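Consider the two complexes below, in which subunit A is the common component and subunit B and subunit C are the respective partners.
Showing the complex of A and B:
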């Protein structure tokens, strides 16, 4: 039965699709030298989608639409806005990329993937969820391997595809078992059916493990993280940035909703996740230490950040969920800033080895400051968003008496400080070979300048005036189902 | 609402940092002028706060500003600032060090080698002011979250300042060591603070990071419960006092966690050494007092003996190590460990004399080390060595620096009529009441301090100027003289007129004693 609410519920998705169609129709008629404008079109379009949705499609209260396929609530809406923002920033980063910038299809793939993520955040049904995950992943496989003449990129695309295919098959197997146990694919009834049915702790535990494989891959949690460094390094950098932020946040969006809806009575999953969180933080940070390539370092750091965010999930409380949402928000802005700064640098210099960042602050003081803000925020220093995110996540853990997990998190953040500061040492302290930085400036093109300024201000805003942002995160996390 | 003077003090350096970054990099003098204007402004306001602080009135906090920062569910964070008798002198101290630090860093492109900061002064002053804003912020914070927020802001610029502008030989090592030590300390304390937050909230039903509320909750008995500590039931305050106190005291250079401090002093550029030893170490001692002793007084009573033990070792050991140094900066660095040990010594007594002395010592030591490092920096910039045996006769080319160092030395030795005496005497009186043996052991340090200070003065400032330095020592600038004169006058003034500061600190101590249950 049709109601206007149904349209509002999927307004961002409808607009995204419209934007994609416009892009597809308009772009082939442009001359080759104007093709870069597809990036401006995508960026402007995404901003328009963002603002129109904010104006018109704000959910009133939580309800399911389309026969229980989707849930129209603040949680999904908040995540959708995050994805749209990340996609807008990524489209700016793509514009001056040698291989992606002048190809309409790369923007189209970005939009398709964003569409999938929006659906992931609002899915209320296992079938819908699986379709959304695939809609997200398949364009990303293509984007990762977009540079056909580059071995590393094709390898990255193929590796991502193989890992993704296997883990999503396992995830699907978990879904099918859940359906087998309960006879329903609807998340709302699933939890009740599991609770009402006979005690199947062992079996449910098995299913939880299967689901963790699939979602652990998306959020690159240990031990399903092996793909991340290779893919981030090989894939075009804007795509790597998108993978490490929006795609990871989408994984968390599903993880929170699925686990809190389906298994509230099976506390065993929190202890499994506690172990996963510990491993993820520790291994991510330890492996980041010896890296010499900045993209690989960021890959391991993003693994570690998934671990910190998992602490909030393990806390299994309202505050815990809100802390995860806020953490992801701060993390998206921060990591996009970090990847953006790396891109702006390597576009000019053609390298992303850490040692080549020597003298960056003399070559481009503003890019140096952007790196400073990004890496200090990643390290969890005020006045940047990363600090607030980390404190609130730890607060949620201490609230529930998870002192051990909080202390592990703290030890890890100390390791992390070391390698983040190490990068800044190259940026600020070391000189270029020949010490003639003045003759090697790093010009920023307009898309990079816009994106970096907005993201840097955003990171500072999230770290200082965090009141409203946390309020919205809390509102989103209040009712998941 | 009154003029929000404390916020203006805190945000002056932060805003100035942003403004300085907006100035083109090659306009070095505009950068310095902006920095100086901001520093003078902040100093003037902190003098005003100091002068306006009403000692005889209500002994609580004054100049209070409070705004809700975040209030969601069980999470409540305020922007809440105010000063009491303990923190008002420290705000003034920060203003003074910031002002003199800018003067010292001005320097000039001398033919014999540049003095002050000539490489990227824009970034230097921006980071230095970020640090200063963080330091001001910690001293005025009345909210735990806000305190951590500013505390971290005060820590990370140190890394950049030391690593970029520091002494080439050790700067990378020292900067990383310092940052890791301080970061470990602060996050350990953070866990303790979060534990306090939830425990106080559960007991009273009011969840807030507001330290005044947490203190009320503590007085109402919220922290009297037991916690499970590896299977044993241990009082809450006993468990959490040590992580919180020691976590902060790392920055106060407490033995055995002092190791980062001399390395940091040596590697840092002059103004940063001044900040580091002058105010940053006070930050640690102050936060340890504010969060550790004031919020967990029973824990403080339980562990006072351990703090006193650490402090006694620091006082004597620091002085002894300082005695055998040949590098002037290492000597002053270890003398800072020794003098900050006296602050901890005073704190550990938990009585009126000891705490008052600790408060005075924080101010006196801050001014004194700032002066020491300023003078050492001036000598190093000109002689390109800090090795005591390689120097001599410096009083002839640099009379201002020599006189300044001698006055600082007299303060350091605790001579009557100088601020050091005013501070150290009550500390020893306080310790004598609690544990006379500790006072006797620690008093050895006075003799050692006198020995190394006199030795240093004799060998660096008197005797013959070494042949290779003859004629290479250019005179110091007028700005340097202003800085030296300001710092010297303060120490003499405080030594001659202790009533300028002692009653204010006593008013702060009184409220701490109330928390500790009379005494």
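Showing the complex of A and C:
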């Protein structure tokens, strides 16, 4: 039963795969000194995929294709565009990385994991979901441990793999029980079967806990966050940026779709998630305070941000869903900008300790400005995207009467301002010890300059002209299932 | 015929055994073996639920096949990473791979 919509539903995935094959075929023929062009090819290809999909593959109305395996709807489409954007920015960041930039494999792995994320966002069946999650994770394990001669990187890949394999096995055990209870793996029929069948709240609650372990790992929620700081610090920085943004957003995409579709009648999971959200925000922020390594600080901050986004999931309403989607959009742009600025700095100086950022605003005013935008947006200051995202998430919580959660979120944002501003203090107020900053400039290569400018503009745009973005998030959230 | 619950209890036991192995063993290869046990428990669950449910619907079997195909891919990457760690520091004991902390 072939229909043209089937092709349109997976058009981004088909194009990604084609791009990967082209990359593999072309790259070996290039001379070693030209291999960096693989990055331009990946970047250009991803932009092309993005625009072709935006032109041709916009879903008209929600429908399931491929025998109920995938859903072709705005929700999946919106997330796919986010992943493609994040991958394009990451490919730019990878180009001037010493170990990743000249290796075609690294770009191919990036494309493979983006393909998996696209499938994660649109899968409507447990089998497909599991396959998509693993397609995303396995290339990311390899990418985290990509620098074979670097002890920290191999350790990061190893730790990521162990945590990932265990949590995905636990998630899968939950899937197998869900299949047993309902006799189906399709998310829609599964939700109906659970609602219509005999009351099994105890068992279903257990299954929900199993699923939360697997998805909590993906979004690095407490208490499944232990891998995040180690992996972000050890992995190549572009990969860490990708992990903390696209991979986390993919986890949220699955979390929203799975829980809203399969367990609408079992509201007990919202109270579990409320506790997880509180812990995630608080522990993430408190552990970020004493950090001296900027990558590690960003890791804890990204844990805290998962907590804020979870508030929107707990709200369990249309506004809540829309707020999560918007929050993730703002967070992806902001955090990629933050990681990009750190990369541009540590590529030249070879360090990412916070104290070494002293005098950055004099060494490279534009890089300082990019860091200012990124960290103020992470802290939730207007006029940046992070502010609007936080406001909408808290509004969703207040709207549903979750005042305590909103207040905890706001208190946490205040704690977070301290460590974000602390970084900016080094960048803007402190000077290099006994050195003239003029003699230590930080040159930006072209890929970094392009990526940082686009991301910084995006962060400002999301914070000022947020109307259309929020409308699209709303549209995505309305068509969830 | 053996009741379904026997299979489920067996699978739950196997899963717990695997989880215990993951949490208690210190050798990275043994941890990966524990993960394999957990995945096998899932497969037993899937096959049993399929056999005792709607036999004409092949979903359970297909799911199980996909699970072990993916598990093979995962363990291949896992062993490769274990080897890369072993080459750089001559140990596969998880406790000693502790450069990154705090």
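Everything below uses one rule, namely that the second predicted complex is superposed on the first by the 480 of 481 C-alpha atoms of A that agree within 3 Å, B and C clash if a C-alpha of one lies under 4 Å from a C-alpha of the other, contacts with A are read in each partner's own complex, and residues count from 1 in each chain.
Quick note on the criterion: contacts are C-beta pairs under 8 Å (C-beta built on N, C-alpha and C of every residue); 3 or more make two chains touch, one makes a residue touch a chain.
As the structure is a computational prediction, the values presented were derived from the model and not from experiment.
**Student:** With both complexes superposed on chain A, which partner does A:414 reach: first (subunit B), second (subunit C), both or neither?
**Tutor:** First partner only, subunit B.
**Student:** Give one of first, second, both or neither to describe whether A:184 is in contact with subunit B, with subunit C, with both, or with none.
**Tutor:** second
**Student:** Of the partners subunit B and subunit C, which touch A:424 in the superposed model: first, second, both, neither?
**Tutor:** Touch status of A:424: first partner only.
**Student:** Which partner does A:155 reach: the first (subunit B), the second (subunit C), both, or neither?
**Tutor:** A:155 contacts subunit C only, not subunit B.
**Student:** Looking at the overlay, does A:228 come into contact with subunit B only (first), subunit C only (second), both, or neither?
**Tutor:** A:228: touches no partner chain.
**Student:** Help me check something: in the complex, which residues belonging to subunit C touch subunit A?
**Tutor:** Those residues of subunit C that touch subunit A are 8, 15, 18-19, 22, 28, 31-32, 34-35, 38-39, 41-42, 45-46, 48-49, 53-54, 57, 59-60, 62-63, 66-67, 70, 73-74, 77-78, 80-82, 84-85, 87-89, 94, 97, 99-101.
**Student:** Which of the residues in subunit B end up touching subunit A in this complex?
**Tutor:** Its residues touching subunit A are 21, 25, 68-75, 120, 123, 145, 148-150, 152-153, 155-156, 159-160, 163-164, 171-172, 176, 179-180, 183-184, 187-188, 190-191, 194-195, 197-198.
**Student:** In the complex formed with subunit C, which residues of subunit A make contact?
**Tutor:** 126-127, 130-131, 134, 138, 141-142, 145, 148-152, 154-159, 161-162, 165-166, 168-170, 172-173, 175-177, 179-180, 183-185, 229-230, 233-234
**Student:** Which bits of subunit A are touching subunit B when the two form their complex?
**Tutor:** Going through subunit A, the ones touching subunit B are 318-319, 322, 361-362, 365, 369, 372, 376, 379, 381-383, 387, 391-392, 394-395, 398-399, 403, 406-407, 410, 413-414, 417-418, 421-422, 424-425, 428-429, 466-467, 470-471, 474.
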